[in-house]
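Look for chain A in each of the two complexes below; its partner is chain B in the first and chain C in the second.
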Partner chain A sequence: MRTLFKTSYDTDINLFRDWSQARWYLALLIILVVLPFFLDIFWLGEMTNVLIWAIAGMGIMMLVGQTGQASLGHAAFLAVGCYANVLLQERLGLPFILSFPLCGLIAGLAGVLLAIPTTKLHGIYLAIGTLAISILMDDLIVVAAPLTNGVIGLMTPSITIFGISFDRYAELDRFYWLVLVITLLVVLAYRNILRSPLGRAFAAVRDSEVSAQAMGVNVARTKAVAFGISTAITGLAGALIGYFLTTFNNETFNIIISIQMLLMIVIGGLGTIHGAFFGAIVIALLPQAIAMGRDFIGNLTGGGSVAIPGLESALFGMILIVFILFEPMGIYGRWVKIRTYFELFPFARRDMFRRQRSYLKTERMR
Partner chain B sequence: MDVLQLIVSGLANGCVYGLIALGFVLIYKATEAVNFAQGDFMMLGAFITLGLTNQQFWGLPFWISVPIAIMIMGVFGYLLDMIVLRRMFGQSQIAVVILTIALGFVLRFAAGLIWGHEPKSLESPIAGVDVRFGGVVLGMDEIVVIVVTILLTVALYFYFNRTKLGVAMQAASQNQLAAYYMGIPVKRVHSLIWALAGMVAAVAGILFASKGSIDPTTGLLGIKAFAAAVIGGFGSLPGALLGGIIVGLIEPFASRYIAAGYSQIMPYLLLFLILVFRPHGILAQVHRKKV
Partner chain C sequence: MSLLEVENVTLRFGGVVAVNKVSFSVEEGEVFALVGPNGAGKSTLFNLISRFYDPVEGDIRFQGKSILDRPSHEMARLGIARTFQNIELFEQATVLQNLLVGRHRHRQSRLWNEVLFTPFVRNEERRHREAVEKVIDFLDLQVYRDKYIAGLPYGVRKVVEMGRALAIEPKLLLLDEPASGLSVEETQDVAFWVEDIKKEMGVTVIMVEHDMHLVSAVSDRVLALADGKALALGTPHEVQNHPKVIEAYIGVADPAEKVVA
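Showing the complex of A and B:
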């Protein structure tokens, strides 16, 4: 275990704790950059999918993990980002390099607009309110058919930046690198927000709204900003999902996706960037893992592959139940525990991560 | 005449929503947890009855399988709390929400595996019988739904306010630690309330299955019941029924008088408006939170 000797106040908010940590992340980055040379088309596509879901995960993580506002409606903002991006390109003829940031901005504004009435709501009521948003968005897309083409859906145009094609099929490796760059930028922005006063305000609101207020944090404004940033990142992810799928309609971003997004970051580990990535890996690769397992069992029994409808979401649900019961801090929490065990070996104790239990008092009074 | 029939069918639908909402409210009232799988409980209750009654499966007489199904759902609720949810004691509300959402996924899958994914209808003696009231033709199923719901709500209301166990349940919700000091077995009370919610869900499921066909995704109806519970005021039993009836009545009228495409969003629009302007529902029970 490395002991950190703090010689300046900046040590507390540095991007990396020390040089060895920075080197590990650099190594990871290099691996990610050279990945297209080693993977075949299929797995590169899956990798791109993981990165896109990680961006979406960071979007919802900003709200749920950092600010403590549960949202079951983030698929609506995936939809906003996706439709905004395509419509800006098709109707206004904007290039990708302009329409992409703009779609994030539009999704962010939509989020702030939603936040103004909903910031009054707490916990469970907020979850229900955002759930309603997600359902309404589905129908709204159908109603706005002249713009959104309703249930038939839209096709995403190919990406071209300064004459270089980033087509999702023809130039998959370039598309992957583009997504990787966007992911990196989002991670950097996320980290920087967290160590700024705004990020501290988010954490204060998450831990206790009343004490945040007492510390001089404007709770309503902070929540609205958190909504805005969160939905903006989600909107960017939505645009990328549009490119990845190439066609989409009102069903693409339905309520199930909303719920899955929340479940994804819980499995990964709430409140950490790592959690968003771990969750994205689970959600993006689970269908492949099931397909492979099915083939394996099919070969083993010689009965060919068997298809069980709904198996995917059921497995997902079971994994989630196991995590909530036995590892509420998610995959990242488990990773931290294992690492701490080895760092402190043989001094790690079982109760080091024991959580304080609180007894419930009602919010309803009569 | 036409309007009257719309009202009755709306009322009957609304009563089913109200019964599911009642399940939400029961659990919320006693444990402060929100059971997102309540709709799937209803689906499960309906399928258990169907599995016991229909000729395709066990072929028991309807009136024998109904109490058995209600009992099974009660035991299911009790065990679920004892084995799974008791571990969540003292954790955040959202964790329970996520757990029950995941549980819903699993239940839907299990039901599909056992009873198949295609829609099925319950062979119930109240299905498809007409009753005439001075020129108005009403379905027997609709009338039974309304009557049963009203009886059940009144019974539960008195249970909560007049019986010792009911008051103990409220106490356990208001302050777990204080209730425990007063000698209330908080954990067992929680399990009992889940059992009760399971039984109410089974009743809702049987009534719903008598009105039409069911399939494993029927549980998603729970979202509408959710809207109902919020509109009426989470934590209020009469509020849940009121909310259910409002949602039930809006639907047929909206689909009749409002252009298609807009009509199905009306319940959620109302939910959203209620949340914005009266966040704790029509019969609100929440006041300012103390630290």
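Showing the complex of A and C:
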């Protein structure tokens, strides 16, 4: 067991707790960087998919995990980001290096616009309100067919930055590295927000709106900012999903994706960056795991592969139920428990993480 | 000029008159207590001063200016801090983070430099931390600095909430039952702290409290309320022996029987 002796306020401000923690993340980073040399095309594609979903996960995490505002409409902002990115390139002829940040900005502005009518809503009402956005976006894409090509959909052009091609198929390793860099930048920005006054204002709004207000936090504006940052990150992820799939239409970002995004961060662990990554691993790799399991069982029984429709959704639902019942803090919560067990070995106790009943809250005003 | 003037304030909830034409003023540097039986309108007055409720008539002035045209989240910037009767802390955050939220009104950084975490933001963070550490030292919260609120006992939470209000560096501190649910020793601590807040920090305190020992020990003036109406205003001793106050608490005013408090 190690004890950290803090000698400066900066220990609590820095990105990493100490050198030993920084070393672990450095090791992880090196593994991620050299991954294209060891993985075949298929698994490298899957890894890219995981990273993209992790960005999307961080997007919705900022709103749901950090600010405590439920959203069932985030697929709409994947769509906004994806369409904005492609249209900026095709219609305005902007290069990727400009269209990509701009599509995040557009998705962010769309989020702020959505926040204005919805910040007064709470809990289930907010969930339903945002759910409507997700449904509306589907129709909106069809209605705006002259721009979006409706149900036929659009194709993403290949990425070229300063003459270097990052094509999703021809140069998958470069595309992977590009996604990795974007992921790292988002993680850095996310961490920076969390360790600054804004991140604390988010947590304040999440845990008690009344006292956030009494502390001088403008609750409505803070929620709007949270919506904006969240949807901006989601928009970036949407653009990358567009590149990953190469074609997309109104069905690509449907309501199921919205729900999946929310489930993803719950399974991963609400309120942590780790949670977004763990959830992304589950959501991106589950279809592959199912396919492999199906082949395995097919081989065992001697028959061909068995196809069970809806298996993926059913398994996903089952995993969610198991987590809500046995590990509400998600995969990250389990990870922290296992880590603590080894850190304190042999002094870890079973009830160390038992949650205390919370005390009565004052009646909410207004 | 008084620091806070409450003038003829009335608030109704449907047919219930929660606060009925209450007027008082609080001078700078004093400890002012609000007492009264349950439902007298004490906490409602707090919610009026912190702008959670709008009065139907009357005016509330802070440093000579009416605050009725300002939203509640601006009260902290004006220098009005408060605690809550039932504790409203940020449960999924550490004590340190809770206190740092109190520094929100001193936030100088903007979204763009926070995202980049520029050296300016880092310096600001250090400055906030220093201010918060002073509060931690003042309230002896060092042991709990990195503990999550969700795991803390009630008494500590009460103190943390007071600390969070102090981190605002207020001119006026509203304490809503700071000693309710505390042990005798903890209540004594609160008495000393209120004394120090007034004398060392120069902060004016308005306090709602049922514990008359605490009230008479620390407060300069007391306002007794019952059924939304002001009954008596004066020193703790005067108010405790005021016939109307005795009537409100005991029910009958018999001059032959002196109530010993």
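In this text, the second predicted complex is superposed on the first by the 356 of 366 C-alpha atoms of A that agree within 3 Å, B and C clash if a C-alpha of one lies under 4 Å from a C-alpha of the other, contacts with A are read in each partner's own complex, and residues count from 1 in each chain.
Everything below uses one rule, namely that contacts are C-beta pairs under 8 Å (C-beta built on N, C-alpha and C of every residue); 3 or more make two chains touch, one makes a residue touch a chain.
Quick caveat: nothing in here was measured; it's all calculated off a predicted structure.
Colleague: After superposition on the shared chain, which partner residues are touched by A:V210: those of chain B (first), chain C (second), both, or neither?
Modeller: both
Colleague: Is A:T3 touching the first partner chain B, the second partner chain C, both, or neither of them?
Modeller: neither
Colleague: With the two complexes superposed on chain A, say which partner A:G317 touches: chain B (first), chain C (second), both, or neither.
Modeller: In the superposition, A:G317 touches chain B alone.
Colleague: In the superposed arrangement, does A:R200 touch chain B (first), chain C (second), both or neither?
Modeller: second
Colleague: Using the superposition described at the top, determine whether chain B or chain C touches more residues of chain A.
Modeller: B
Colleague: Let me test your reading of the model: by the given contact rule, A:N218 touches which partner, first (chain B), second (chain C), both or neither?
Modeller: second
Colleague: Check the residue A:T301 against both partner chains and state whether it touches chain B (first), chain C (second), both, or neither.
Modeller: neither
Colleague: Using the touch definition from the top, say if A:Y125 reaches chain B (first), chain C (second), both or neither.
Modeller: In the superposition, A:Y125 contacts chain B only.
Colleague: Considering each complex separately, which residues of chain A are in contact with chain B in the first and with chain C in the second?
Modeller: 208, 210-211, 358-362, 365-366
Colleague: Across the complex, what residues on chain A touch chain B?
Modeller: 70, 117-118, 120-125, 127-129, 131-133, 135-136, 139-140, 142-143, 208, 210-211, 255, 259, 262-263, 266, 308-311, 313-314, 316-318, 320-321, 324-325, 328, 357-366
Colleague: In the complex formed with chain C, which residues of chain A make contact?
Modeller: 9-10, 12-13, 189, 192-193, 195-201, 203-204, 206-208, 210-219, 225, 271, 355-356, 358-362, 365-366
Colleague: Considering only the defined contacts, which chain B positions touch chain A in the complex?
Modeller: Those residues of chain B that touch chain A are 31-32, 34, 84, 87-91, 93-95, 97-99, 101-106, 108-110, 112-113, 117, 173-177, 216, 223, 226-227, 230, 234-235, 261-262, 264-265, 268-269, 271-272, 275-276, 279-280, 285-287, 289, 291.
Colleague: Under the touch definition given earlier, write down the residues of chain C that touch chain A in their complex.
Modeller: 47, 50, 52-53, 71-77, 81-82, 84-93, 96-97, 100-105, 107, 109, 111, 114-117, 121-122, 124-126, 128-130, 150-151, 154, 157, 164, 168
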